[in-house]
Amino acid sequence: MMNEVNLLTVTAAVFAIMMSGSGQSRTNLLLYAMQTFFIALACLAQAEAKGSPELYTVVIGIIVIKVLTVPYFLSWLANKIEARSDPGAFLPIPLTMHVSILLFALSHFLALGLPLFKGIGSVASDATGAISLLLTGMLFMLTRRFALGQIIGFLTLENGIFLFAVTQTKGMPFIIEMGILLDVLVAVMIGGLFVFRIQKSFEHIDVTQLNGLKE
Amino acid sequence: MLDLLFQIMKKGCVTQQALFPLREEHCLGLPSLESNKSCLGEICAECMQMCPTAAISIESGASAKVTLDIGSCIGCGLCVSGCPERLFKNDLRTDLAVNDLNSLVITNEWKLADKPNKPRRKLPFRNSLAVRVVSTGCSACDSEIGAAGNPIFDMERFGVQVVASPRMADALLITGPVPSSMHEAVKRTYEAMSNPRIVVAVGTCAISGGVHHDGYAQANGIKDILPVDIFIPGCPPHPWSIIHGLMLAMGRV
Amino acid sequence: MISIIEPKDEMELLPALKQWLQNDEHRLGLITSLDGKQLVTLLLDLASRQAKCWITEFAGDSYRSFTSSVPQAHWFERALFDMYGLLPKGHPRLKPALLNEAYSGIFAPLRSLAEHDEGKSYERDLSYMDVGGEGVYEVPVGPVHAGIIEPGHFRLSCMGERILNLEIRLGFLHRGVEKRLTEVPLTKTRFIAEAVASDTAAANAIASAQAIESLAGLVVPEKAVCLRALALEIERLSMHVCDLGGMAADLGCGAISAAFSRLRGSVFRLGELLSGSRFLRAYILPGGVARDADRYLAEFARTLKPLRKELNVVIDSFISDAMVLERLDGVGVLSPAFAKEFGLVGVAGRASAVSYDVRKVFQNKILPEPRIRFESAGDALSRTKIRVFEIGTSLDLIEQLLASLPSGPIAVAAPELLVPDSIAVGIVEAFRGELIHMISTDNKGRIKRYAVKDPSLNNWTGLAIAVRNNFLADFPVCNKSFGLSYSGHDL
Amino acid sequence: MILTSANLVFIVTLTIMPFLLIGVIKKIKACFQNRVGPPVFQSLYNLVKLFNKDEILSKDCSWIFRSGPLISFSGMLLLCLSVPWLPLQPPVPGCDIFLFVYVLALIRFFSIISSIDAGSPFSSFAASREATLSFLAEPAFVLALVALGISAHSSDLALIFGQPIENNRIPLSVWFFSGLALFLSGIVELSRMPIDDPSTHLELTMVHEAMVIENSGPNLALVEWSYALKLLLFFGLIAQCFVYSLSKIIALPPLLLPLSVLVVMLALGCLTAMIESFSVKLSWGKNPDFIAYAVSMSLLSSLAAFAMNGGS
C-alpha cells in the first residue's frame, strides 16, 4: 500500500504544511531543513531502487547545500536583521496551514489523475507529496509579508519541483540536477542580499510596503 | 539553549541535603547570650542604647540579668561587636523558629535545652502543607520565602507548596509589620481559609513590628490581629529558618 | 550634597518649574513640604551637578496644583495631601497615594496634631475611575496577591481580554517611615532608612549616609566609598538577576527561572562575604562602612568568576530564545515622550530613551564610570535588554572595584550634630533608578524632615500607561518588566 | 462488572497511575531545575490532607458550585472505566466516541458553571477563558477520534483502542496523526504549557487554577483528583495511538504491549515536563495559532483515513 518513497515524500509534505503554520522565521527554517532532509532520504531510497550512482551524489549535494548551508545562512540573516514574526498577508497564518492541508488533499486527487510512468515503478501517490510541496510553497510565498518568508516559500516550491522530477521521471541528467542545486544556492544568496538591502534602506522587510513606493 | 542544558546537566542537584546547617563564619546571624559571662549591669547599658529596636533590657540588681527579645531583634550585630564584656555572640544557627512567643525572649541565664518547643495539636499537615503568603513589609522576607523555594533550599521537597488562593491554603505566612492598611486584608485572608489552619509570622517585623513598632500606622506585628502558631525570627530570616518554621508547623521537627 | 536654598514666590513657582524642565539637563527631584506651611521643590541640575531647593511659603491649606502642566508632579501632590492635608487647587483627580481606606477623616501624620483641630475637613476620594461602555468590566486584583508579591490594589477595566485602563491604588504598606525617621536618634537612622525597602537596603543606606555626611561635613575615606559602590553593585546584580528570574517564571520557562534563582544564591553569597548579610543590611553607616571585608576578598573573587560564566550562559539562552523575544516584543509599550513627561527613571526610563543615570552624574569621581545604554522601543523586551546589559555592567564594575580597592580606614567617626537650618540630599542610582533621600534640619541641628523618594514613585504611572491596550494575561509580564517597589513607594 | 484479575489490574492502574504521572512530571521538571523536587506521590498526600480539611463556602454560591466537582469526578471515573486499555477491554462496555466526547463536554459545562457560581472575578473570567479554549480545541479532539473511527469502521471505542495487533486495520498515518492531534489538544484540555502554566501563581494568567480558586477542602480534592484522572485518560489514549503506530513499524510481541503503553505514557510525561521547563507560555492572542496545529493534525489524520479507506 505504501512504500518507503511514498512515506518519505508525504512526511516532507507534512513538514511543509507545519511550516506554513508558523510565522517564526527560525521555526520555518528548521522545518524547511527537516523537509529537505526527508526529500534527500526519498532521493536516497529512489537511488537504491533505481541503482543510479549519480543520485547518491545529488543526495550529498542536497544535504550539504539545502539542508545545512541555506538554512544556516538564512537563520544567520534572520538574526542579523532581527526579523520579527511574520504577521501574514491576505490570510492569517493558522488559516494558511489549513488551506495547505486542503491543497494536500487536492494534490492527492491531482496525482491520481496523472499519467504514470509505469516503466520506472512510480505510483500515483508518490506525486502527492511533490505536488503538495509545490502548492504549499506557492501558498507560502503568497501569504507571507516578509521577504525572508517568501524566500523560504520559493525554496519549498523548488523542493516540490525537484521531488516531482526525481519520483516521476527517469531522472534528469546529473549536470542539470547539480546545476539546479547551485542555482538555488545563488538565488538564496542574492535573495538574502536583497533582504539585507531592503532592511538597511527601509528598516523593515515588509514587502507589502514596497507597493506604496510608486511615484 | 543547548549550553544551558549542558550547564544544568553539569550542575546536577544543587539542593543542600543537610537540614538546617550552621551559617558560614562570616555571616551576620541573630545574637544570642553567653550564659557564663558577667555583665556590668545598668552602669554600662551600652547594648540597650545601641539597639535600634529596644530588644535588650537589663534588669537592675546585683545579678545584672540581661534580657534579649529575639522577636524584636533585627540582627544588626551592634550588640555583638559593641558589648565591652562580649556577652553577646553571633548565633549562626538557622533552626530558630518557635511556636511559643515566650521562647523568643532569652536571658543570660537561659540555656537552649530549657525551653523546648512544646508539642502541638495534631494536624493533618505532616506530608503536605499549602502556604499562602501575605506580604505587608519591606519585601526582604518575601524574597527569602521565594528563596526557600529555589533550587538551593527547595522547600517543595518537604511537601510545602505556595498556592494561589487562601481557600486552598493551610498556613498563612505573614511578613512585615502589618500596618493598619493591611489589617482588614489580613483578617479577610484568614477568614477565607478552611479549618484546620495556622498562622506563621515570618520575620521580626511580623512578630513585633521591628523598627516600625508603635508608630501611627499601628504596625506592631500580626500577633494582636490573628492567633499566631509559629514565629520565625530574623530580619529577614534565613531561608532555612523559614523551612524550619514550616516543618515545625507540619510537625516534622 | 547640601542643596542651595532659594525662596520662590507662589505665583512664579509654576512657570519657573516649567521653564526649568524645558532643559534636558534639568530634572525635578521631588516636591514635598517641611511642616505643611511651605512647598519644597527639589531640582537637580545634571550639568553642574547641583541640587537646588525652591522653598515656597504660602498661607492656608491649599496651593496651586502643578499636575495639569507638569504631570510628573501628581504623585507628589497626592502624597502632600495625604501626609500634610495640603490641597492642590485645580488638581484633575486627587486620590490618595499613601493613606487609603484604613485612614478616614482628618489625619495628616506629618503635621502636628494641634493643627488638625482647626475644623478643616477634607474628604479622601476613594472612588475608582469609572470606565463606561458596553462590555467593559472591572477586574480587581489584590491587595493580597496569589504569588509572593507585595500588596497593591490594581483595578483593571477590560474589554474582553484587552485592558482599557489600569488604576493603581497603593499605600497598603504605609508604615510611617518618614515620621519614624525624624523621631529616632541619628545613630539609628540608618536602620529605618534600610527598612524603607529592603531589596534596596544598600542604596537606601548609602543615600541616607550621603545626606547625613554632607550635613555633618564628613569626608568618607576612599576605601569606604569603593566598598559602598561594591555593595550597591552587588545589590543591583542581585535584584536584576531576581527580576530576570521572575520574568522567566512569568513566561513559564521553569528551567531558566530556576537557573536564575540558583545563581542569585551565589550573588547573595557575595553580599554575605562583603557585609555578613544577604541583603547588605547594617553595613553602610554615616562615615563609612561597618566592616572590613579584606579577609574574604579572595573567596569573593573565587565566587565571582564561575558566577559570571554561568550567568552568561543562562542570560544568553533566555534573551536569544526566539519565543521569548516574540513574547516580550511590543508588550507594554511606553513611548519616550511619555517617559520624559512623567520623569521616568532607571531601567524603565532607559528603555524609553531617558538616558539619565545617577552614577554618570552624581557619583564620587574616584569610582569607575559605568557604561550606559538606552533603548527607545519602550516595551517589555527593551526593559529586559536593559536589565541584561546592566547585569554585565555591574559585573564589570565589581571586578574593576575589586582590582583597584584602595587601602586605608573604612570609616570615620559618626557625627553627633548636623549643620542647622539646611537641606541636604543623598542621591543614588538604586537598581530601580534614581533614589533620593532629603534631610532638612531645624535650628538645633536635629532632623526636622526626612523625605524619601523611591524610584518607583516616578515609574508607577509609567506602568499604568504602558499596560493600556495589552492583553489582560500580559499584565504580570508588564508589571514584572517594570519591577517596581511597593514598600519603597508606600513608606 | 465482574472482578476478574484483568479488572483488578485495571483498578490498581486507575488508582496509582494518575498520581504517578503527575509526580513524574513534577520530578522531571525539578531535575531540570537542579533540585530534588516534591515526592513522587505528593499529589496523593495533598489529596489525603484535603479530605481531612473543612470546606469553606463563599456566601453567595449555590448547590451548583458544590456539585460541579462531584459531577466532574464521577464523570471522569466513568470515562476511565469505559475506555479500553491496550490489552484490556473496559469493565463498562459500549462506550461510543460520541458518548465519550459528550461526557467530557458535560464535565466541562459543569466545571465552568460551578466556577462562575463561585462568584470570584478570577474564577469567572478563567471560566470564560476555559470555554474559549475548549471551544477551539474540541474540533481537533473530535476529528482525531472520528478519523480513527472511520478507519476502524466503528464508533465504539472498544473496537478502536484495546484491540489485539492482528485485528487492527487502522493505518499507521491515521494512528500517528490522531495521536499528535490528541496530544496537542490534550495540552489545551489539560491546561498545560504553552497554553496555561500549571506552576504559575498569577491570577490574571491562570486558567485551570483560577477556575478552582474558590474551592477548598474535599471539594478541591475532588477537583484535583478528577484532573489527575483526566490526565490519565488523555495520556492513555495518546499512548495507545503511538504504540499502535509503533507496532506498524516494528513487530512488538503482544506481551510487551501493555508495558509499552505504560512506558509511552511516562515518556509523554517526560515530554510534557520538557516543554514546561523550556518553552514559553504563549501570549493569549497566540493560543489559537497553537490550537490550529492540533486541528491541522486531526485534519491530516482524517484525510489519511479517507484516502486509505478505499485502498485497504
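Every chain is named by a letter (A, B, C and D) in the order it is written, and numbering of its residues begins at 1.
Keep this in mind: a contact is a pair of C-beta atoms (placed from the backbone, for glycine too) under 8 Å apart; a residue touches a chain by one contact, two chains touch by 3 or more.
Since this is a predicted model, take the numbers as computed values, not measurements.
Remark: among chain pairs B-D and B-C, B-C carries the greater number of C-beta contacts. Of all chains shown, C has the CA centroid lying nearest to the centroid of every protein CA atom.
Rounded to whole angstrom, the centroid-to-centroid distance between chain B and chain D, based on C-alpha atoms, equals 42 Å.
With centres defined as mean CA coordinates, chain C is found 27 Å away from chain B. One simple way to say how far apart two chains are is to compare their mean CA positions; for chain A and chain D this gives 36 Å.
With centres defined as mean CA coordinates, chain B is found 63 Å away from chain A.
Across the assembly, chain B contributes 1, 8, 11, 14, 150-152, 162-165 as residues in contact with two or more other chains. The residues of chain C that reach two or more other chains are 146-148, 255-256, 258-259, 262, 321, 323, listed in rising order. Multi-chain contact residues of chain D (touching two or more other chains) are listed as 32-35, 201, 203, 206, 278. Interchain contacts give a graph that is no line, ring or star and is not complete, per the touch definition above. Chain pairs recorded as touching, per the definition above, are A-C, A-D, B-C, B-D, C-D.
Chain B contributes residues 1, 3-4, 7-8, 11, 14, 24, 26-28, 50, 52-53, 74-78, 133-140, 142-147, 150-152, 162-166, 176-177, 179-186, 188-189, 210-212, 215-217, 219, 235-236, 238 to its touches with chain C in the complex.
On chain D, the positions that touch chain B within their shared complex are 30-39, 42, 45-46, 48-49, 52-56, 201, 203, 206, 209-210, 213-217, 220, 278.
Those residues of chain C that touch chain D in the shared complex are 138-141, 145-148, 156, 161, 249-256, 258-259, 262, 321, 323-324, 327, 331, 471-476. Interface residues of chain D, counted against chain C in their complex, comprise 29, 32-35, 121-122, 125, 193-194, 197, 199-206, 276-285.
Those residues of chain C whose C-beta lies close enough to touch chain A in the complex are 322-323, 326, 329.
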